[in-house]
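Quick one: the structure is below, questions incoming.
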Amino acid sequence: MRPSGREPNQMRAVTIERGVAMKAEGSCLVSFGNTKVLVTASVETSLPGWLRGKGQGWVTAEYGMLPRATGTRTRREATAGKQSGRTQEIQRLIGRSLRAVVDLEKLGENQVTVDCDVLEADGGTRTASITGAYIALAEAIRWMDERKLTRGPALRDSVAAVSCGVYRGTPLLDLDYLEDVEAETDANFVMTGSGKFVEIQGTAEGAPFSREELDQLMLLAEKGIGELSLIQKAALEA
Amino acid sequence: MRPSGREPNQMRAVTIERGVAMKAEGSCLVSFGNTKVLVTASVETSLPGWLRGKGQGWVTAEYGMLPRATGTRTRREATAGKQSGRTQEIQRLIGRSLRAVVDLEKLGENQVTVDCDVLEADGGTRTASITGAYIALAEAIRWMDERKLTRGPALRDSVAAVSCGVYRGTPLLDLDYLEDVEAETDANFVMTGSGKFVEIQGTAEGAPFSREELDQLMLLAEKGIGELSLIQKAALEA
Amino acid sequence: MRPSGREPNQMRAVTIERGVAMKAEGSCLVSFGNTKVLVTASVETSLPGWLRGKGQGWVTAEYGMLPRATGTRTRREATAGKQSGRTQEIQRLIGRSLRAVVDLEKLGENQVTVDCDVLEADGGTRTASITGAYIALAEAIRWMDERKLTRGPALRDSVAAVSCGVYRGTPLLDLDYLEDVEAETDANFVMTGSGKFVEIQGTAEGAPFSREELDQLMLLAEKGIGELSLIQKAALEA
Amino acid sequence: MRPSGREPNQMRAVTIERGVAMKAEGSCLVSFGNTKVLVTASVETSLPGWLRGKGQGWVTAEYGMLPRATGTRTRREATAGKQSGRTQEIQRLIGRSLRAVVDLEKLGENQVTVDCDVLEADGGTRTASITGAYIALAEAIRWMDERKLTRGPALRDSVAAVSCGVYRGTPLLDLDYLEDVEAETDANFVMTGSGKFVEIQGTAEGAPFSREELDQLMLLAEKGIGELSLIQKAALEA
Amino acid sequence: MRPSGREPNQMRAVTIERGVAMKAEGSCLVSFGNTKVLVTASVETSLPGWLRGKGQGWVTAEYGMLPRATGTRTRREATAGKQSGRTQEIQRLIGRSLRAVVDLEKLGENQVTVDCDVLEADGGTRTASITGAYIALAEAIRWMDERKLTRGPALRDSVAAVSCGVYRGTPLLDLDYLEDVEAETDANFVMTGSGKFVEIQGTAEGAPFSREELDQLMLLAEKGIGELSLIQKAALEA
Amino acid sequence: MRPSGREPNQMRAVTIERGVAMKAEGSCLVSFGNTKVLVTASVETSLPGWLRGKGQGWVTAEYGMLPRATGTRTRREATAGKQSGRTQEIQRLIGRSLRAVVDLEKLGENQVTVDCDVLEADGGTRTASITGAYIALAEAIRWMDERKLTRGPALRDSVAAVSCGVYRGTPLLDLDYLEDVEAETDANFVMTGSGKFVEIQGTAEGAPFSREELDQLMLLAEKGIGELSLIQKAALEA
């Protein structure tokens, strides 16, 4: 029934390859099927002016897409002279998601900037980005731990994300591009490894949705995030 | 318990004054307590290039805030040279919310632009904007109906929005600024008059939240939107 | 003869409602007939770098227009990414007009920013803005006086503005939009309560004008400003 | 009494050298004392979209200043990424002044763009620009006449400009930089060769000014413009 | 002697992996040692306005660098709001280099846009980009050939690039980052497979260089480009 | 054979007029035939933040072109809102060329900004700019010497530039616009008075070029720069 032949509650193949960027304090290449995102985490031992002297650090994120990550070439944002509204929305979401599991005081007066650059886009780029961003951030925090830059364990939990949607009347887990384009309802869930919600964004693309539909999507998300959390754990232990 | 003395499930006083802008095809001044938004709907009988010849119309929205709508002056976006990420996020949300209840084919090849300009901000500016935007849009569609610009009833339902949040451990309806700043969890709900969801955005500002907390917020939202829908109905019948 | 039926030397109905913005240190809603401008004055107890340490304060102004203040929707400047030349010209004029009646040394090392946002435009938005800006500034200076932020009476005089023009051969006071569009000559006068000139801007829109025509426009302006000064005085005493 | 030793009603030495730009349809180098402006007029036989098909042409102007035209280096506007408010104000003024003496219908469906670039600035750059812009425009219109691009005599009159001001209590003609900085009142007058006004801009830099002071400035301006008109006439006949 | 232990006339290990971007008409991942560039070629069957109707196509290039391709994070150009002068210089060079070996008439009225995005930067990003850009372009032209979009063989030759420099007095081939930073002279050579020059850019970073030094660098470049051309040939035959 | 009738190895008439800008610490008007560039050098006794405290000064350059320096009017970069890639390339080249002959430590902690503004463009604007920039810089350094701002002789050598190219099969010195447009190969050479290279930029505009052609262009360049160096020397001694 799904264009890809997957079961409704089946994730795409997810892989996380760590340490791919030679120079970054943390990095990974995360794939959700054909969606591929290169994530780096950069540590700076200084803070932007508005945060200095508050006894805490900061985690922020930026998101980009290579022009030909998409089926037809998308205009480069550096050429256009600004980031699109969509890009800003996504990078704000990634930043909030990461900060939800970080103890900013334990981070010390340091800043971690996580860059998520989409190499190939096949749906779910923001959920793959969040899932990979956690890994790059965890690597960077280990790097900081080794250099005594942190003030104790700065990560309170893990965080991952998945999209779900209603496609031709059926609730599906982890939409790919073909499903996403046609879905009546599209929801992104960001959850912690311990199963709590960090962010929910549900949007009726076609007809408004009912409470029951939302409940079904949540069940799928909980299953998907459970699997992602295990993959994350394995990646960090590798 | 609430700074304002309201009950947990009590909305602020909501008023909608129609026809406030002399020149606009639709307009209202919507107040959620001390939050005041001036909304206008502008009809253009032409479409942007990418939409022409598809046999349908379009509804879009823009959002702005007067510099001194806030406690300390906020920099004017026209001076800064761009809209902030927050502004873009909100105006995209307003646009999606309105389109969810409009039959774009019945709108004919016309475009309605809804402008939401916040005169006073005391929390909930995006939910007040959506609630008022529906009224301005409905007025504009009546204006179009009278001039035979539409191709049948273009509005499928009404739409309204409210924010809920967990404040000092208690789920509250319709957060004002003081509550919003301190809330652990903050969620915005956009729903139709018939009780279905158009958009849900829930964010853990402090600790991640559980499914139970989300369920409680949804119940509050359903109550609040029910009241807003009645106020909208009364405003349009006045 | 005038589209509005007014006498050539008759102002539109002018009203000034003070204290309309809850959060601003000074504010008013000023109407010249159907032209309506919301004005706020914001006090900051710091100065921009280039003014610090000179033993004086500063007064500056910004001007904006809601997109649907006009007969057809005007593009939002925040979306366009910059303020138009017209906007900059007007806000520079408002700032100069206010500074002409302020003793900047008595203001202390504080800055007052006056925002004039046009809610409805029917001609004369810059003259209504200046007239209202004086009221908002006066309110803000009272607020500063009460907090001992000033160093003596900072206002030397009042200031108001009116436009005059030659319309179908006849000199008229206080042009509305229909008159303005068609006027051969258009002049803006900014004057103090004591009857001196702060700024004169006269422009031949059609044929160049003679000294005699300019003299007639000045007489009208003196009459109009006299009336505006009384309305300002009453507003501040209310 | 004047820093330069001039009489109060004495212009600086004014020279206009025509045909200085090899490639432009019209050009001149105009000097008001040490203020030097290079002016070119460029003819295009097409119009911007919003003017096409109206049976008339257009005249527009742009203004710039070389970075080291001033005593200390001014930041290049191309580097800053935008024209300042002052620049926009001046170029709008030049454009209006030129259009006041042009019969746009006789111009045919052509556009003339006049560029005024200040090589050296010593006060009065906008008045020198207008005075020179008329010469470059007249040259360009002759060029058009020879090619039958015009539809009859497109220039109705000549136009020139001069600044006057009250300096240490005395009304002066044609302020240079040292006088301008200190002047209590500063006024720019744009007038036709036949002695009518195209634009008046008077500003109280210090104390507001009286009707009498303005009258004195006007008399000086009439004298100065009279002299400029003769110099313009001679330049065009040379 | 070289930080890397290479011989003066020894290239780094160069690899070219074709077909890495699923959606692009041509693509490769090119590595010059630790410098890695992802290149895509996108075919559009339309042209920008200024090129239409001239009976030829166009090839253009854009260049970008992921923020953490470098040792410390570089600001994202999309956030900065513009491409740096360095970026523009490089992408103009890549475009010129490609067009030097393309017969634009044979390309038909189509445009190929080549995007070079640096994943890791260790010196020589522009030369690696050009070398890889040729491969992606060749793949895209094959794709066009198969669809009869070309009008005969559009590639006249191959093109590759390498940098050479004088480092501590010794001429070296293919500088890496450590060498580049310290080099007294730095030169980039773009050459065809048949051994002719497309572009030479030599810069004295420290002391000016002599004709003899330049001759030595050219000899190194000829050797390096010869090797690159073989690697390119092999990659296209694979 | 050349459109201008010059011999292949003949420069255009080159003149350098010093001290043309009243306010600048150094300046000249340089002409290569009909190409005319006004150059100023501005001394600031402070440095940009990133250079402070390093015990050295800085030399930088900016380049601009008046809109009607060209055969048809070019859009003003200040209006376009940014400098073109070409402009940035040129001003970076001018800056590097000047720094190659300056001992930055001897310059003291001062910055010299050289502005090259093209009044008339007939080919070779960048080479004329560099040649004139050296003169303006030398004047400014003399001015600094007189005020004891330098720490010894800051100029190590002179620097000049010339373009050469292959035009209809013949190598030519100092291309003018007509030759430049048609040249198959175009090369810019920047050399010191002592005959060493500072920068070489050779580009195949049509067919790639051979080592022999490059050698011929270099010989021409050496001749041309030799002549320019004498003219520079004479100008500074005048």
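Letters A, B, C, D, E and F name the chains as they come in the text, with residue numbers starting at 1 for each one.
Criterion: a residue touches a chain if its C-beta (ideal position, glycine included) is under 8 Å from a C-beta of that chain, and two chains touch if they have at least 3 such contacts.
Values in this document were obtained by computation on a predicted structure and should not be read as measured data.
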Touching both chain E and chain F (chains): none
Each chain counted as touching chain D and chain F at once: none
Per Cα centroids, the chain farthest from chain A: D
Cα-centroid distance, chain C relative to chain D, in whole angstrom: 28
Chain A and chain F, separation of their C-alpha mean positions in angstrom: 51
Where chain B and chain C are represented by their mean Cα positions, the distance between them in whole Å: 33
Where chain F touches two or more other chains, by residue: 82
Going from chain C towards chain D, every chain in order around the ring: C, D, F, E, A, B
Residues of chain F touching chain D in the complex: 21-24, 27, 34, 38, 40, 42, 44, 62, 64, 66-73, 76-83, 87, 113, 115, 117, 119-120
Chain B contact footprint on chain A (complex, rising order): 82, 85, 88-89, 91-92, 96, 100-101, 157, 187, 191-192, 194, 196-204, 207-211, 214, 218
